[in-house]
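As structure tokens, the structure follows; a few thoughts come after it.
Naming follows writing order (A, B, C, D, E and F), and every chain is counted from residue 1.
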Amino acid sequence: MTSTDFYYITEIVTYICLVATSVSLILLMIRAIKGPTNPDRAVALDAIGINLMALVGLIAILLVTTKLNDIVLLIGILLFIGTIALAKFIEKGVIIDRDER
Amino acid sequence: MEIIMSVVAGVLFAAGIYNLLQKQLLRIVIGTVILSNGAHLFILTMGKLKRGAPPVLEYGISDYADPLPQALILTSIVISFGLTSLLLVLSYRAAQENNTDNMEKLRGNHDE
Amino acid sequence: MMSNLAVLPIIIPLVSGILLAFFHTKTPFVRHAAKLLSVISTGVAAYVFYYVVQNGTVTLETGGWEAPYGIVLVADLLAVTLVLTTNVIGLACVFYAPYSLTEQKERYYFYTFFFLLITGVSGAFLTGDLFNLFVFFEVLLMASYALITLGGEKVQLRESIKYVLVNLFSSIVFVTTVAFLYSVLGTVNMAQMAERVQEVEQQGILTTIGILLFFVFATKAALFPLYYWLPKPYTVPNPVVSAMFAALLTKVGVYSIIRMFTLVFIHDTTVTHELFIWIAGFTLVFGAIGALSTNNIKLVIAYNIIPAVGFMVMGIGIYNKTALSGSVYYMISDMIIKAALFLLAGAVAHIVGTSDLRKMKGLIHQLPLLGWLLFISAFVLAGVPPFSGFIGKLMIMQGGFADGEIAIVIIGLLSSLLILYSIMKIFVRGFWGEKDENIVIDRKTATALTWPVAFLVFLTVLLGIGAEIFYPVIDNISNQLMNPEIYIDSVFKE
Amino acid sequence: MPFQILLNILIAVMWMFMSESYTFSTFFGGYLIGILLLLVLQRFIPDAFYMQRVVKVLKLMLLFTKELILSNLQIVKLVYKPKLDITPGIFALPTELKSDWEITLLANLISLTPGTLSIAVSDDNSLIYIHAMHIDDTQESIQEIKDSFEKAIMEVTR
Amino acid sequence: MLFAVLLPLILTLLIPFLSKVKDKVHTGIFVFFIPLGIFIFFVRFIGEGFSPELESYPWIPSLGISLDFYLDGLSLLFVLLISGIGALVTLYSIFYLHKSEKLAHFYVYLLLFMTAMLGVVLSDNVYVLYTFWELTSISSFLLIGYWNHREGSRYGAMKSMLITVFGGLSMLGAFMLLHVITGVTSVQQMIGSVDLILSSDYLPLILTLLLLGAFTKSAQFPFHIWLPDAMEAPTPVSAYLHSATMVKAGIFLVARFSPIFHGYEWFFIVVSGIGIITLCWASYMAVRQTDLKGILAFSTVSQLGMIMAMLGFGTEAAVFAAVFHILNHATFKGSLFMIAGIIDHESGTRDIRKLGGLMTLMPISATLALFASLSMAGVPLPFLNGFYSKELFFENSLHIGDTTLLIASVMKQAIPYLAVFGSIFTFVYSMYFLFGTFTGKQKLEQLPKKPHEAPIGMLIAPAILVFGVIFIGLFPNLFNETFLAHAAEAISGVKTHEHIVYWHGLKPAFYMSLIVVAFGTILYLFREKWWNIYKTIPGDLSFNRVYNRTLKGLDVYTSKLTKGYMNGSLRRYTALIISTIFIVTGLVMAGTNGFTFKTDDLAPITLPEIFVGIMVIAGAVGTILAKNNVAAIIILGVSGYGQALLFVFYRAPDLALTQLVIETITVALLLLCFHHLPQLSRRTEGTGFRLTNAVIAVGFGTLMTLIGISAHSSKWFATISDYFLETSHDLGGGDNVVNVILVDMRGLDTLFEITVLGIAAFSIYSLIKLRSKEGE
Amino acid sequence: MTGTSVDIFMDILISICLLVGTFFIFSTSIGLLRFPDVYTRMHAATKASTLGIAGIMIGAFLFLYVEHGIFSGKLILGLLFVLLTVPVSGHMISRAAHRSGVKPWGDKVRDDYTEAIRAKENPDHMK
């Protein structure tokens, strides 16, 4: 085995990870849609953000580029700001915003 | 892949339109956001997808993705954002003044 | 002819708008500055018009990037004519505005929005790039959103939201269509599109995209059955805003239809242009019916926009030189007269305090000049000679008869009658009759509001009686429209 | 301490200027040099050398990493256990920590440790409400947290 | 001639100054000299050696519109009528209208009308003819609405305007068709191209459109309904426009175009048919009127019908008779109108039921009325011009040319009987008018004013006209050669030498006249016995009612229809707009085989992107399923993030960055805006609602997908992007091509994109800051 | 060549990092789906995802650095940021959930927090 073969193995592994992560993304999507409460969705959003970061990292491996690093960082920042804002909003929104009827 | 992305964009259009046809202002605004997402996806798809590197020139690489659709989308995204913001504030004010966020109640009289 | 002149009609109002934003709190200054800037802008537009008449189409490759790669501005005769008309109407509106608007609205950037609207409209006329056309559409639409909501009254907010949403939708379809065209033709430059369309063998998809694009413009132009959004929202903002909208916005739609369907999509006119004729027919009928349906004078005028557009599109659908000349002539005439009518209806509503026809009578005793201007306008609209409306309609209908499109011409004639009736109703019910002593007239305001209207109406009379003076220009325009290679050559010369 | 950090960064930036290279690695190198300089000049600086505290922070981080891995494993175990083997509940943890900083840190650390998740802090900062996967082990958890994290934080901050 | 036509127009500009002196001098006195001058100018053309003249001035030559004035016998006849009667009417008006009225308006309108009418009869260019034609309608509208504080005036003005402009527009249609077919705009040149016209497929259409113009203007059945209501105009106007001149414009039009159509049998059928029906119906209806001017109005309609019918007969003799009657009608009807005006002026009413026995109080008027009425009735007396033309009418009704069509032959048989029928009622209403006013019992107590004879000045004009009645009656052949024959020649193309005699011998026409007198007398005497018939005919079937209902219907139904679909519902509007685009574009796509599908140039399909695509879709659809707003917003954000990820996949990092930022801000804004608004409406959509939404949405989405796929499958050209990649570094000075495109190559886009943002910002600011008072 | 063995070692290391990270990320999702209420889900989200993101970020960092000599500090920065913020986010959301009235799942629920709030709102019914 040469390193090139291993290089391909890395690529295959990356690809597998990519697929798994995108599947996981869909699972989270289900949670985001199903809720049933908005905090549930916020949690899902949080996790989706993490998954997005992971995906971009994986794509960066596949494309062998650093041009996506900004995106990773940005997602991290936005995710934090977004979650905090969302949490604040949910907390202050006195109405219990449940789905039942 | 372009076929699939066309379908995705089409579904975005459908979902956007469905929301556009709702009664509640918020849903309508959401509809416009989805619609513009669909449009942007279409623009991207209409260049060729996934060929070459990101269009940032680098020594030794000669194959790049089509930069023009990206530039057009960037322009369009920014414009859409401006529109959405205005629309949001407008809906907020309209709902506030008329004391309803139900567009079906915002019909008005023919002759007034 | 390559010259920076092509960009001036866009830049001057843009700079004006930005400048005026800085001084927005100094209302008296801004008012006068706006008038001055408007005069300058009109002067420049007139010069560019003159220059193009003398020297032929002027193009400008912006940023020095050669066409079709960069954005090219194409000041052909049609574009500069419309730009000039736009500025002239703007001139009338800017003199009308101070008397019609509250100082509050003037303070909140009215003049900025006003100039940016003109920027967008001029840009839309001048650009030779389809995506750039989209951008200019957005500029003018955004300015129009700003103007239509300015003031934030209950009804205004309610109606403008409909206006915004429908236009937003059509903008989204617009940009998507640009993408489709880019995919098929590999370019967004209109001249190159025109060239390439000629070389295409399988044209079905082009026709389809063309129709989609047509609907985008048809929504803006308020054609049947897409005009629903227009009438009501046009009555809610200040009349000066309505006047600008009526004169300019729908016409940008019509202009775009003319441009795209004489330059690019001329490969299958049996489908496209025949469809236009049908649509024009329904537009004429339903628009005229709408105009008869109400007692709100502003709404009557607003509905009248629709059949006028029907006429223009009828000319495009007939697609011969005579009819196109007619469409262009009618468009110019209609821009002016619609602005005049909205200013007029606005003046009446402002002075009387209502736009409900049932609450007016005998106004001729107090507002004789306005009354007679309305009277003349009715005939301009109906296309009665010797006013400008006649010349346009005559050429359109002659073109129609020449091509055997009998039914549409007859519909056109009948709708003219209904249009006349709708305006005459205002004259007879509102202006004739016993003097209403309850109405107290502020002479100064009334006079100030009347002159811009008189100016515009005078122009339409001039356009009619002096048609021979303007005809060579129109003839030249339709000649260019019927021969797209002239446009293409002016973009890719030498 | 902030003064020292600032100084350190300044040194790093100076280093970048001097070596005319503006990359992260140059900065990093400059920073190391700064630490060295500060170490040498320790006694001229009124405050205690901040690296000492950094070491404590590192210790805390190590602890935290260990707990993190453990908690990750635990939660994965719960996730894949065919039967949902949890008895969740909320309990209150009394804490001696006072400043907002400390409390926040503690709350965050709690969240990253196995089976617990901080939900809220009482208004007087004396209690941290914690959601536990196994409410039955409450007492254990409290003790664990107090022994490990609370102590470690106090070491860093006091 | 141009000067003659424009003279009245020029004077209108002076009227405002002239009317300044109205306290001293009646404005009408200045005006009087205009028609008089024109009359004198043209009267010198009368003579045996007259030959047509053409005068041309360019106006809009590019469109074939030029001021061509053509003076032939026909136009001469009309010019003299217009100026002659015009002068008399002006004279009459000086006494009729008091100085306190708005005389400036009145005379401006009147002069406008004179110009218009002269223009109509003199123009050889069809478009100029049309211009003047509409101007007659407009000035007529203004004159009818002269006393516009009266409801009736406004109603009558609008009615006449609508009907005559309708006719005008359809006439314009005919003109345009003629222009397109012949390529010329001159009537005389069109007559030269008669073969082209007669062989055109559009011939029936042209005839219909042209005749609609003529019939509406000349108040032919069933368009006659505007004329009685036009009687709201001041009496001089009725005498002038609505009896002597404007209503004859339709006659003129038919006459003018007769040379083109007279070989076309349908011309005969329609023109004669409508003419004779008009004659019968209007004369029948005239008897029912109670207003003096109403009787005269219907009388005018019926006389116009008679002239029209004769033009339709088309024989040279009939045409001559028509011309002769145009002249005669102007004399007796003009004078009768003026007398009706005098009665109104002096007694304060025109209601014949309140009038009676005025002969003793107004002897001169009564005498004038006597002659004029008897002439109108066609009483066989040798000094009444009306008798001569009536006799010619009967004569010609018996000698209609050969016919080939069945319907034409049937008509040919029926016309003489109808002619007699109409004439009987003509006789009846003439007697009714005359005796009802001047004889019988005086009912002075019912009159607003105490009647007495009119001032002498007011009597001059009718007296002159009655003098004309008698003069022509005594010398019926005086103008034949010099004047009428030229007119007839212009119509029929043949110079006719008709010699009019009082006694023809015992010919059918004579018996017809006898029958008319006999039956007319009987019907008049026993009128009370049969008047009830009007309750069944026309009964409810009045054409006025049709008109009123139509207008009412226009008001009501346009309103109903428009309110029906323009209901202000945004949902309705967008649904309709989107469905239309979907259906039509879909049909076009299907019809042009627009769908193409090629798979040879596609990127490989990879799973992660599909999953992310599914996520984006799920998010978009999820916003619909989400029951609460916050959920919808969150899900929207997720979908937008997914989209950003797609951008990452497809090598668009800049896009992804922008998308992420903007999506986040959008979500935040959405939350913010709707946080401040309580959730007011609960969602209560039914299945139908959702189904409609779904159908439209899915339809449009599918369409866009299909077009997208086809567009992608139809990449026929190299894109211009290659150029950007090649030149970005060297010419654009940057390696990030997207950035170079944005800031340099398409910098204009970016500049205005920023402008859009700027406007949005200012607008948002003013939306938030500037609030109306009413909201608070 | 020694370089090769180092490369192979690095490749394996990277692959392990990625796989481990992905495993934890995937587990997060499963947890989010499986767990019964927002608090328990929060456990999954705050815990498993940290290790997950760490695995992938480190993997990506190593890959770019080792294989291609690209030093992408932003990846590490992003990772650190996430490690710092995830628990904060979790805390914020669960507090919000609790305050907006989401009840914890379970048969025999002990909920000190709710009781404390109740006690504060109605001092009379204090235990």
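As a convention for this text, contacts are C-beta pairs under 8 Å (C-beta built on N, C-alpha and C of every residue); 3 or more make two chains touch, one makes a residue touch a chain.
Only a predicted model underlies this, so the values are computations on that prediction, with no experimental measurement involved.
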{"item": "Steps in the shortest chain-to-chain touch route ending at subunit F and beginning at subunit C", "value": "3"}
{"item": "Nearest-to-centre chain - CA centroid comparison", "value": "C"}
{"item": "D-F compared against C-E, more contacting pairs", "value": "C-E"}
{"item": "Farthest chain (mean CA position) relative to subunit F", "value": "E"}
{"item": "Rounded Å distance, subunit D centre to subunit E centre (Cα mean)", "value": "89"}
{"item": "Approximate Å spacing (C-alpha centroids) for the pair subunit B, subunit F", "value": "32"}
{"item": "Centre distance in Å when subunit A and subunit B are each reduced to the mean of their C-alpha atoms", "value": "22"}
{"item": "Chain centre separation (subunit B, subunit E; CA means) in Å", "value": "49"}
{"item": "Subunit B, residues touching no fewer than two other chains", "value": "20, 28, 38, 42, 45-47, 53-54, 56, 68, 75, 79-80, 82-83, 86, 90-91, 93, 97, 103, 106, 108, 110"}
{"item": "Residues of subunit A whose C-beta touches two or more other chains", "value": "21, 23, 25, 30, 38, 42, 44, 63, 67, 70, 75, 86, 90, 93, 97"}
{"item": "Every chain pair meeting the contact rule", "value": "A-B, A-E, A-F, B-C, B-E, C-E, D-F"}
{"item": "Of subunit A, residues touching subunit B in the complex", "value": "63, 65, 67"}
{"item": "In the complex, subunit F residues that touch subunit A", "value": "3-4, 7-8, 11-12, 14-15, 18-19, 21-22, 25-26, 28-30, 32-33, 38, 41-42, 45, 49, 52-53, 56-57, 59-60, 63-64, 67-68, 70, 72, 74-75, 77-78, 81-82, 85-86, 88-90, 92-97, 99-102"}
{"item": "Sites on subunit B touched by subunit C in the complex", "value": "20, 25, 28, 32, 35-36, 38-39, 42-43, 45-47, 68-69, 72, 75-76, 79-80, 82-83, 86-87, 90-91, 93-94, 97-98, 103, 106, 108, 110-112"}
{"item": "Contact set on subunit D toward subunit F in their complex", "value": "23-25, 68-69, 71-72, 74-76, 78-80, 84, 86-92, 104, 107-109, 111-112, 114-115, 117-120, 122, 127, 129, 131, 133, 135"}
{"item": "Residue numbers on subunit C that touch subunit B, as the complex places them", "value": "131, 134-135, 138, 142, 145-146, 149, 152-155, 157-162, 164-165, 168-169, 171-173, 175-176, 178-180, 182-183, 188, 232, 293-296, 299, 356"}
